[in-house]
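First the structure, in the form of structure tokens, and then the observations on it.
Per-chain residue numbering starts at 1, and chain names A, B, C and D are given in the order in which the chains are listed.
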């Protein structure tokens, strides 16, 4: 009998689902090899069925997306109960992802901006969505919206992680293959290479041995050389700190790595580490000069924690 | 990865659970008549908030994460907003590469919807067992060869996007003043080859639609059915000749009678469009400032309007490419103009698929596309910028304000499905009333309701900047006092079950 | 969980003693601290010193970790510019410090809680002054207690 | 908590240090608290842990309770870390399984609140326990020292250091850039304050160098490349060719006489351009080695005569004979038609065949364990102060020119006459601090100028009987019998005017100034501006680091002050060491100094080298950084951060740390963006545990 597999999404964009669809022809093989019991984007489902299942009867649950609402949290717990193996798919599930940047603010802040301050919104009465609302006698409910975005492993126990925003179809295929072959590594592993991106970077040979950055550049400020190491062009390429396995797609697109694959296994706080490496390359020992060179990085937190704010040491802004 | 950190969160007041990602609550009155049906979206992520403080040039990549189904739409809308922000015009090659990638994406996305999401309703049939009503069912119906063709077409289109934009899922090529990467002669050849195939593929798809839908009176009647019809305003981008354009142009609004009521530069959107908050949904509802919000109702007095393929073909006078124009004429000839039948979206979409493919070919054949000068370096001090494109699901507006360093101080995003939100809610209620009232609820009827909004290809990910894709459905039927009479859901085996 | 919340609250209620983590380089500031000791200078006992060979060893992760684990303040002590035992380690520290300072501030941690001070082996008195000043400033800022449980409401 | 080496059994020892600690910290309470912590098997407090019984306590517990980690809470690790490592080792454990907690200097001695101090001690002990669990067993690395030594620079410093080492039986390679050793000292006439003749005391040492079996002398050579590290340096030396083979040349100098130039034509560097030499020449009679050099630039064999003419016009010191005079006689005009030299020198050398125009530079690869840099100084270029007129007025001289002028074997054979070649000066002004103590040029004092100015004043008076005026800012004579020498000069009737000379000019304001150079100066003692007309002006130029000091610095990977003097490791406690182990400094390359100081420092440098050589090896604290190979992505972030160039980039695209070069600062470790670099004794996880340890309440 084929192993039961579930795909679920929390606070995500569906890019991870697209990555599955990007398996293209080989998706049919996957469909043939497993018994998909849950896949909102492609197949009809209902929660009652999942609840009715025996605990641990699902071989593996692939969950993408961060945890933003009470409903997502409940789904996460439900699938943890039902699945022997839970695999966090994509940057959002692994690190909070770009939605995790909401940890700069909280629920009130988000509501204020979206439902009050938005220039196109007409809302004199200051209406905001309510978890329970009575509309001329009809009771309607919405899931609760948390103050803080969390990654999946901060809510439930996660067995494996597939990085990327989105992950490559290859990584997904490999994970499924490893699952079917019972060849998954030790618990907690990230199912991707454990070296930084520079190792496979097509431009690595153009990086000098002694890089010193005297001025940081923003991508729109210069015409980017399509051959040369992006850091040597003064661009904030986070490749040195970022796990490889993406196929250097952004570099191929002639843009710097923004770190969606997250850190290697040896690093706890991605942003702190990349900050250390970048700052060390500032080409001055004069305090004022150092400050002005570093001023060339306009948004350190948003840049270094672009995908990982919720799993950083500090996790969220203190308001 | 650090090991799971103990959560610092305490949830108080555990709240009533919801189901799925779209939700419809239907309330019946004593007579068992449908009194009110609600269409809710229970998701929100708040991009407008955490965009604040980010460097403007990062917005194309940040906002593409609003939706992984149409990342290119957000990416390009954002890049266009940055042009406007920095008052910079991309060099010809830069502009053309953007539109080339964009057309490629539109073709891919429309194909995805027709065959994977919406198409099954027609190709396989609205009353067919749901287990078959998916892409596999489509393949079964049209043949494995065709199925393979569909899949590989999509694959190659996405490969092209990756080639020019870095990644198909969340591209990286868009910058103020142009694109990051130039195209080589070799790249051009690849685009030309695939573009030619895409045109054939689009024509073929049109045939499929022709044979399976138009030649089937049941389907035609369904399209024309009153409960799938709304007489609302329509909005979309048109070029100088009032032809459909996905990438550039002015926004044109036509009345339910089909007359142009206004045509304005995207930067002016705030003068014409407003959003409304309902306490029972995280999605905001758009309407036209004039005539204004009159509730969930259609007609010339109501500000409710619609976007997406149906609307685009309603606001345009013609299509910009020859083959698409032929198809357009047949469409108008058959349904008249404006077309108010929601389900006609599917037909309009296939016509747009053809247009996208043709446009793609035009641009791929343009010798200028491989010009190395693909970007203009901005010099102006940034203040405010608006960018608009036609996403597969309709008009998409990005609006940024920044400080002098180009850090976002305010971001406003109006997304395709939001423009349609009110009409979708109406469609759902009307369909519910139309098909359910006083009847024994059946799976077939249930799917009719579902079709009412699937036709819009609603992207709730976009709509609430949260969750995308097709809508899993559960319908809850409640009595006068709100007690649940029945919940109807479909099993994966297709059988209807009452909870 | 709720207990821990209460506990955290009680903690803050009682007189607040700042918890400061100090990272000192082996050759200058750590020796200055030893000197302050041999000279029997007195300063408040709030700091917990962690010795590294050079301020250049300080990985920003350490500082972030210290705050995350409940430090109310973090102090880095290194050799004066030009005097680094390893020639330039303190400059590398300086570079990281200035960028990290911005990050920490943006996360809502006030300036006074994170300091870098150059204190040479002979400046026992300066070490004392810095210690007193830091403790006072942080005391004035009040508790940070980043790791204290936060009550989070999910209803709107 | 992660564990290594199986079950962890920690022993904790809290020292009272009499009442030093126990007076404020409740040691018993701390020990009891520790006893309750995970992994702790034994926890004691004791009066004096550093005492023998205290150490025995540790040793016995290790054996009795099978302890495999030790925490000692006592004084500063700078005091007793070694002690307790040894104690741990005596117990049969690796000494690096021990961690010290400083609860005296940084707790009991600086705090007054008993409870707070005790709490602090407990926190630190808790952190130490969590840390020690992760500590790894380590070995000190031993680096063998190659007994051979390289001395760079053949001035008095290099010569003295080389002889000292050679006499101690070590082999020395002495490399000198010029054609002869001897340096600046060889140019001096007498030395202050004793006035004994420089040549008389120097040349014997020079010959000794040549004769010494343990010294390989390579003059006319440059160090091109230095690889390796303390004890194991690989050095490449380029020996520029003299076109005369040292091994075959007997030093008869007949070739020089035989040169087609009957008269010397070219400015003679050794004599500061005051004299002339031939294209084939010996810098000075006692030059070592005694092998002449053929100067490629001026020898007809290698050049078109036109070029030679051009060169002669340029290369003659500050004051060449009138232009054109240098061009060649009709006799040579014939020669340059042929464009060939008769090579009379070859004939002169006869069947020794020492001369060979085809000779090429030679590259020598040597291995040495230590290096002494004695590259000396360069005199300040007086042209940089135009208002003193050097290069403009013929009768303005530099002090070094005067040294040659008064020297019996100098260009004028000791006859002091002006540049016109006949006039003997009747009045001479000596300006001190030229290019020293001057905001516009060099701010530092060159230390020797006052003394040598006095010396020159004495010599000039002796040679000419002229009136001598010394213009000084302050008279600095801080040395053995220096002040006495000053007094002697005063008694000799030399005039001293305290004031900085404003300018040297030939403008005549007064008939007495006719045909003279007038020095305008404010006499700060009289408080009046004075004009002193003289026949000859001497500029006492200061000392500077060589202009190529930065290149040399890079070559040897040492540091260099902005003035161009090499940086000693510590101004007081390590004055001849550099930050690079095994490389030492001697003489003026480290800073201006006189001959006795130079010789003393050279001896010290030699002794430092010998100390290493005799030990045979250096031991290194095992706290160096290392690359986790399979994890390194080759991003090169670490490489420029290492001040010791200990990190190299391998072909296989990985970084590699040379444990011998690494000093263990950990800067690279903190920067490694993929966490693939770690530091022994300060591993990331150890430090994370320590941080958590001091904060997390147990």
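Methods note: a residue touches a chain if its C-beta (ideal position, glycine included) is under 8 Å from a C-beta of that chain, and two chains touch if they have at least 3 such contacts.
This one's a predicted model, so the numbers in the text were calculated from it and none came from an experiment.
The interface with the greater count of contacting C-beta pairs, when A-D is set against C-D, is C-D.
Chain centres computed from CA atoms place B at the largest separation from chain C. Each chain gets one centre point, the mean of its Cα atoms, and the points for chain A and chain D are 55 Å apart. As a whole-number value, the distance joining the C-alpha centres of chain B and chain C reads 52 Å. Chain centres here are Cα averages; for chain C and chain D they lie 40 Å apart.
One simple way to say how far apart two chains are is to compare their mean CA positions; for chain A and chain B this gives 24 Å.
Of all residues in chain C, those that touch two or more other chains are 59-61, 65, 88, 92, 96, 150, 152-155. Within chain A, contacts with two or more other chains are made by residues 69-70, 128-131, 142, 144-146, 148, 263, 265, 267-269, 273, 276, 280, 315. Touching of two or more other chains is recorded for residues 641, 667, 670-671, 684, 688 of chain D.
Interface residues of chain D facing chain A in the complex, by the touch rule stated above, are 628, 630-637, 639-641, 649, 653, 667, 670-676, 684, 688.
Residue ranges of chain A in contact with chain B, taken from their complex: 9, 11-19, 21-22, 24-25, 27, 31, 37, 40-49, 68-71, 73-74, 94, 97-99, 101-102, 104-105, 109-110, 113-115, 117-123, 127-133, 135-146, 148, 150, 153-155, 157-158, 161, 165-166, 188, 190, 218-224, 226, 249-250, 252-255, 258, 262-263, 265, 268-269, 298-299, 302-303, 306, 311, 315.
By the touch rule above, chain B contacts chain A in their complex via residues 1-5, 7-9, 11, 13-21, 25, 27, 36, 38, 40, 42-46, 48-50, 52-55, 57-58, 61-62, 65-69, 71, 82, 86, 112, 116, 130, 134-136, 148, 151-152, 154-155, 158, 162, 165-173, 175-177, 180-182, 269-270, 273-282, 284, 293, 375, 377-378, 399, 405-407, 410, 412, 414, 461, 466-470, 472-474, 478, 482, 489-492, 499. Per the touch definition, chain D reaches chain C in the complex via residues 76-78, 102, 104-107, 109-113, 116-117, 119-120, 123-124, 127, 559, 579, 623, 641, 643, 663-667, 669-671, 679, 682, 684, 687-688, 690-692, 694-696. Those residues of chain C whose C-beta lies close enough to touch chain A in the complex are 59-61, 63-65, 67-68, 81, 88, 91-92, 94-96, 98-100, 102-103, 106-109, 144, 146, 150, 152-156.
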